[in-house]
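Each of the next two complexes has subunit A plus one more chain, namely subunit B in the first and subunit C in the second.
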Partner chain A sequence: MLKLFEREQLNLAKLPEAQTAIEVRDLCLRFGDKHVLHNITMRIPKNRITALIGQSGCGKSTLISCFNRMNDLIDNSVTEGEIIIDGRNINRKKENLSILRSQVGMVFQRPNPFPMSIYDNVCYGLRLQGIKQRRQLDDAVERALIEAALWDEVKDRLFESATTLSGGQQQRLVIARALALKPSILLLDEPTSALDPLTTLIIEELMAELKKRCTIVIVTHNMQQASRVSDYTAFLHQGELVEYSDSDTLFTLPEKKQTEDYITGRYG
Partner chain B sequence: MGKWSPRQFLSNRQQQSYVISLGAFCAGLLVVALACVLMLITIRGLDYFWPRPVQSIQFELPDGTAKQVYAQINERHINSAVESGSEPAFVFRYSDSQHPYGRSLLVEAHAVEVISEAQQAADILLHNGTRVFSEPLSIRLPEGQSGELAKYEEVRDTVTAIREQIETVRKERLASVHRELASLDLRQVEKDAPARLRLYADFERWQQEVLRLEAQLADYQLVTRFNNGSEFLIPLDDIDRLSYPGQLDWFGKLGIVGAGVVAFLTDAPKQANTAGGVFPALFGTVLMIFVMTILVTPFGVLAAVYLHEYAPDNHLTSVIRICVSNMAGVPSIVYGVFGLGFFVYLVGGNIDELFFSDALPAPTMGTPGVFWASLTMAILTLPVVIVATEEGLRRVPEGLKSGSYALGATKFETIWHTVLPMASPGIMTGVILAIARAAGEVAPLMLVGAVKFAPNLPFDGEFPYLHLDRQFMHLGVLIYDGAFHSQTDVRSASLMFASCLLLLVVVFVLNVLAVILRRRLRKRYLRGY
Partner chain C sequence: MRQVALNTHISGRFNIELENLRNSVMAMGGEVEHQLADTLKAIATNNPAQAETVILNDLKINSMEIQIDEECLRIIAKRHPTASDLRLIMIISKAITDIERMGDEIERIARLVTKQKLPSDVAIKSSMLSIGQQAAAMMRGTFDAFARLDEEAALEVYDQDNSIDSEYKKLLSYTADEMSRSGDSMEDWLEILWALRSLERIGDRCKNICEYVVSLTSGRDVRHTPLENLQQTLDNLSDS
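Then we have the complex of A and B:
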C-alpha cells in the first residue's frame, strides 16, 4: 500500500504530452540488410528512470543510441519512424545534432574521460558551445561536479589529469561532463557493468538523485539493478518491444511468457 | 622415421639455451658494429682538432739536395708499395723559404736523416686556412721600429682594432654607396648626372680611407725564421691562431682543441673545403631540416587524417594506402630528379615567368635552392609521416570519439580536440623518422640545391632575411666532397671525419629533442590508456 503512494503509477499507453520525455513512433532501424529494431512504439515518462532490458544483441543499445542519433556514426544505418523529443521529431534530416546531443546526454559502458584535466573534461561541451568566460566555466564545473556527487573528492585536484581517477570516479566525471550541458534527458548505456558492486551502488544512488532534474534511460544486463533503480522497464527481444510497464509489475507479474522466461533466467 | 625434429637430439632445455645464445650473439654483434662505427668516426673526427707537434726534419730529396725544415708528420705511415717499392715512408707537411705556406711530401724512410722535437717552432694558422711552420723571432712595427715577441698579444689587439675599422667603413659607407649606384643603374640615370657624380666622389673618399688603413695594417708584421735560417715575414693581419705545439701541456692541448672546435663550428670552409670550419654547411643542414619539417608535418598529418577518418573504406583508399607505403621504397635519387624536373624547372620556371620576368633570362626561383631542396625532402619523407600518424590515429580508442560526439562535438571538433592530441605522439614518431631520413640524404640534395661551396648563407641582414631561393651547403655533401680529396692529405681527410661526427651529433640532438617532446606528449595525453 505504501509503495503505491511512493511510486505514483502512470498509464504508459495514454501518457499525456506534458509528462512525456521521449515519444517513439513506429521506429525501425537496420544496418544494411540487417534489421535491428522493428516497429517500436513507446512513451518514456519525464523525470523517471526507465530501464531497457533484454538479451545481448536484442537492440536495446541501438534503441538508446537512437535518442541522440549516435547511430548516424555507423556507416550503413537506416532509421525510419519518428522520435519526438521536446515536441519535434529528431529523426528529421535537418535536426541539429550538436544541439540535440547537448540536450540528450549519454554515458557509455566504459568510462571514457578525455586525456585532459578534470576541469577541462567538464568544460569540453561548454567550450564547444563557445563559452569562454572563466567565471561561467568555473560555476558550471562546480555545479556539474556537485550534481554528479564528485565535487568533494576532486575539488582540490581539478587540474590533475582525469585519467588518474578511479573507475567509479571516472564514470561520475563522465556523468558530470554530460550534466554540465544541462541536458533534459540522460542516456546511460550499461553504466556500471565495468565497475565493482560498491561503486555501482554509488552510481545507482546518484541516478535516484538525478531523476529530479532529468529523465533517465538506462540499459542494463543486471536484473536486480533494473528492479532496484528503475520506475519503468521495457523488455526487448530480437528487436521488438515485448513488454513495457512499471518495474514492479514487470518483475513480479509479467504478462508475456518471454518476459517471464527472461527475468527468471530461463534464457539469456 | 618421421620428420626430422630437434627433439631427437636436444632436450627442451638445450634447445632454449641454444636459441638464447644465438640470439644474444646476434644482438651483441649489432652493438659491436654500432660501437665500431661510432668509435671510428669519433676518433678520426677528433683527430682533426688535436694539435700535432712541429718537428725539425733533415732529409734528402731524390735529386740529392739536403733539406732541413720544420714539419708536422702525419700519423699515418704509409707502407706504399706502389709508390716506392716495399719501403716504409713518411708523409709530412713542411714549410721552408721555397714553400712558406706548406707543402705535403712523401719521403722514403731511408732518405730521412734526423727527426727531432722543435719546441721553439710555431704552428701558425692563417685566415685563408693555410699553415706556416716557423720560429717567431720578433714583431715589426710601423716606421721601422721592432718589438719584443712578448708584446705579441698587445700588438694583435691594435691590429684587430684597425681591421674592425676597415670592416665598418666597408659595411656602413661603401656598401650603401654601392646600393645607391646600383639603383641609379636600374633607373638608367645619365652617366654624368650630379647625383651620380656625388656618389662617385663619396666612393673615392671612403676607398682612400680603406687604402690608408690597409697600408697601416701592412706595417705590422711577424718576423719568423725557417729551420734553414732564412727569415720570413708574415703580416699580423693574416694570422688567425699561433701556437707552440711542442711546449703545450695537456691543458694547453685541450685549449687548442676547444678553440679548434669553436672555429670549426663558426668558420666558413677554406682552401676548397680542406681546411677551416663548416658553419655554412651546419647552418644549411639544420635550416633544410627545419623547413622540411614545417612543410611535411601538416601535409602528412592532413593526409593521414583524411585517409583514416574521412576516406570511405573502398578499393581506391586501399590503393592510395599501398601507394603511400611504396613511396617510402622509391630510391632517393628518383626524388632528386623529380625535384629538379618538377619543382625547379617547371614550378620555379613558371614562377619566374609570372613574377620575376624582368630578371629573365637569369632565373630567380627556377634554380636549385634551399626551398626546393626542403620541398623535395618533404615529398621523400611524406610516407613516413603518413604511416606513423595513421598508426597513432588507429590507437585512439573509439570510446573517446563517441564521448566527444555525445557532447555535441562535430567530426572536425572531435578530431581537433580529442583525436589529434592523442595521436600527437604518433605524429612525433613520424617526424623523428623523417628527420633521421632527411638528415642522411645527400644524393637528391645535390640535384636540387646543395652545393660544395655557397658564397652566401641563406640567411643574412638583407630583407627578407631568409633567402630560401639561395643554394646552400650541406654536411652530407661536404663529406661526399671530402672523400674525394687526396688520401695522403690527412688533415682534409680528418675534416671529413669531423664533419661526419658533427652530422651524427646534429641528427642525434634533433632526435633527442623530438623524443623528449614525444615523451611529454605521451605523458600528457596517453597516461592511463
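Then we have the complex of A and C:
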C-alpha cells in the first residue's frame, strides 16, 4: 500500500552497535544512602536527538551527567553498571576524563560564558589541549561559530567580551565552545529554560542541524520542547526508566499509563 | 487575497511537515479526481472491468485518509500548532473526510456499471454523464483552490454547486416519471437514484472543502452562510 509519510522507528532494545552512541547497562547511582538511579538500561541512537523527561528530582540530570562523569565531582556518589561509549566502558577507573569530556560536550541551563572574549571562549578547550597555532585556532573558532549558527552575528566583534552577548547568543556561544572540541555526543541540560520562546526555537532548529554531526541528549522540563525536537524520548520516574521509545509513539500513544498521565498533565 | 504562508517557520522540519501534509492531501485529491474520470468513462462505454478497478482503488483512498489523519494527530501532538497552522491542520483533517466520502460516492456509482444496472433510458444516462462532468470540473476547481489556498477561486467553485443541484432536480423528476411508466424492478431504479444522488453529493463535498479554504484564509467559520452574505463578510474583512 502507498506510504505517504516516512517515519523512522528504530528498535531501541536491539539497536546494533554501529548505530548506538551510548549504551547504558544496569546503571545504578546513589549519593550516600540516597538511591537516585535504579537499573537503567538503554541504548541511545547515533545522530539522533534523545530527550529525557520526567518530574523534578526523577534523575534526568543525574543520568545525563553520568555520560561524561560529571557526577564524580559530587561527594559520596557511587556509580554501578556500565556506560559504553565508543566501545569502552567510561565508568572504568582508567578512563581519561579530559578526553571523555571533550568527546562528550555539555551545555547547561544558564548560559555560562567565561568572562573573556568571544574568541577566547570558543578556543578555551583547544588551548587546554595544547593547540597554540593562531591559524588553527582561527579556523576552529570560525567553524564552531558557524556550526552554532552564531558566526554572522559575532564575526565583527570576536574580541569583545562574551558577556555583552544576549542570552540566546551566549547559549549558542557555549554550544560553539563545546563544538570546537568536535564532540561525538552533546549533552544539553535544559538548554533553553532561561531563554524566550523565539530564541528557544532558534536553538531547537540549531539542534536539528547539529544532529547530522553528533548525537544529542537533552534534558528538558518542557514537554512540548521534548516533543518538538526529539526523535526518541525516555520518561523517567523516581530514578527508573518507565518508557523509552520514538517520540512519535510516546507522545501519541504511550504504552504505560504512568507515561500517559505525565504527558497529559494528570500526574498526581 | 489574504495569504497563508506555510513555509516561514523557524523550524525547517515543521515547514517540511506542513508541506508534505498539504502535498499528501493534493495526492489524495488527485486520486479521487482520477477515480471519477474513470467511472464516467466506464459509464459512457459500459465497461465493467474499468468500474471494477475503480472499486478496488477506493481502498487506496481509504488508506490515504488514515495516514493523513495519523499525521495530523502526530503534528498536533508534537508541534502544538497555533493560529493559521492549527486551522490548516483542522481543515485538512476535515477535508480528507470529505475527500474519502467522495471516493465512496464514486465507488457506489461504479457499482452501477459492475452490476450492469445502468439506466436503459439514453436521456437519463446522458444527463447523468453531464452532471458527472460538472462534478468533475467542480472537483478540479476545488483542489486547485485548495492547492493555492485561493479564497476567490474557492468562492467561484462554491457557486457551481447550484447548477449541479438544479440539474439533479430536473433529472430526478424526469427519472420519477420514467419509473412510473417503466416495468423495470423498483430495486434497479433505486440503484440508479442512489447513483444520481451520489453524483450530486460530490458537489456538496466540494462545497465543504471550498468553505474550509475560505475559513483558513479569512479565519472566519463560513459554514451555513448563504453565498451573498459570505461574499459580504469577506469584503468587510478585506476592507478592515
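A few remarks follow.
Simple rule for what comes next: the second predicted complex is superposed on the first by the 260 of 268 C-alpha atoms of A that agree within 3 Å, B and C clash if a C-alpha of one lies under 4 Å from a C-alpha of the other, contacts with A are read in each partner's own complex, and residues count from 1 in each chain.
Just so we're on the same page, contacts are C-beta pairs under 8 Å (C-beta built on N, C-alpha and C of every residue); 3 or more make two chains touch, one makes a residue touch a chain.
Predicted model, so just to flag it, every value in this text is computed and none were measured.
In the overlay built on the shared chain, the residue A:Leu198 is in contact with subunit C alone; subunit B does not reach it. Contacts of A:Ile131 after superposition on the shared chain: neither subunit B nor subunit C is touched. Within the superposed three-chain model, A:Ser227 lies in touch with subunit C and out of touch with subunit B [touch as defined at top].
Residue contacts after overlaying the shared chain place A:Leu73 against subunit B, while subunit C stays out of touching range. Within the superposed three-chain model, A:Gly105 lies in touch with subunit B and out of touch with subunit C [touch as defined at top]. Which of subunit B and subunit C touches more residues of subunit A: that partner is B.
In the superposition on chain A, A:Arg177 makes contact with subunit B only, not with subunit C.
No residue of subunit A contacts both subunit B in one complex and subunit C in the other. Subunit B contributes residues 313, 397, 399-400, 402-410, 413, 417-418, 421-422, 524-529 to its touches with subunit A in the complex. Partner subunit B is touched in their complex by these residues of subunit A: 68, 70, 73, 75, 97-102, 105-106, 108, 110, 112-116, 124-125, 128-129, 161, 163-164, 174, 177-178, 181. Remark: subunit A residues 1-5, 198, 201-202, 204-205, 208, 224, 227-228, 247-248, 251-252 touch subunit C in the complex.
Residues 10-13, 20, 24, 27, 59-60, 63-64, 67-68, 70-71, 73-74, 77-80 of subunit C touch subunit A in their complex.
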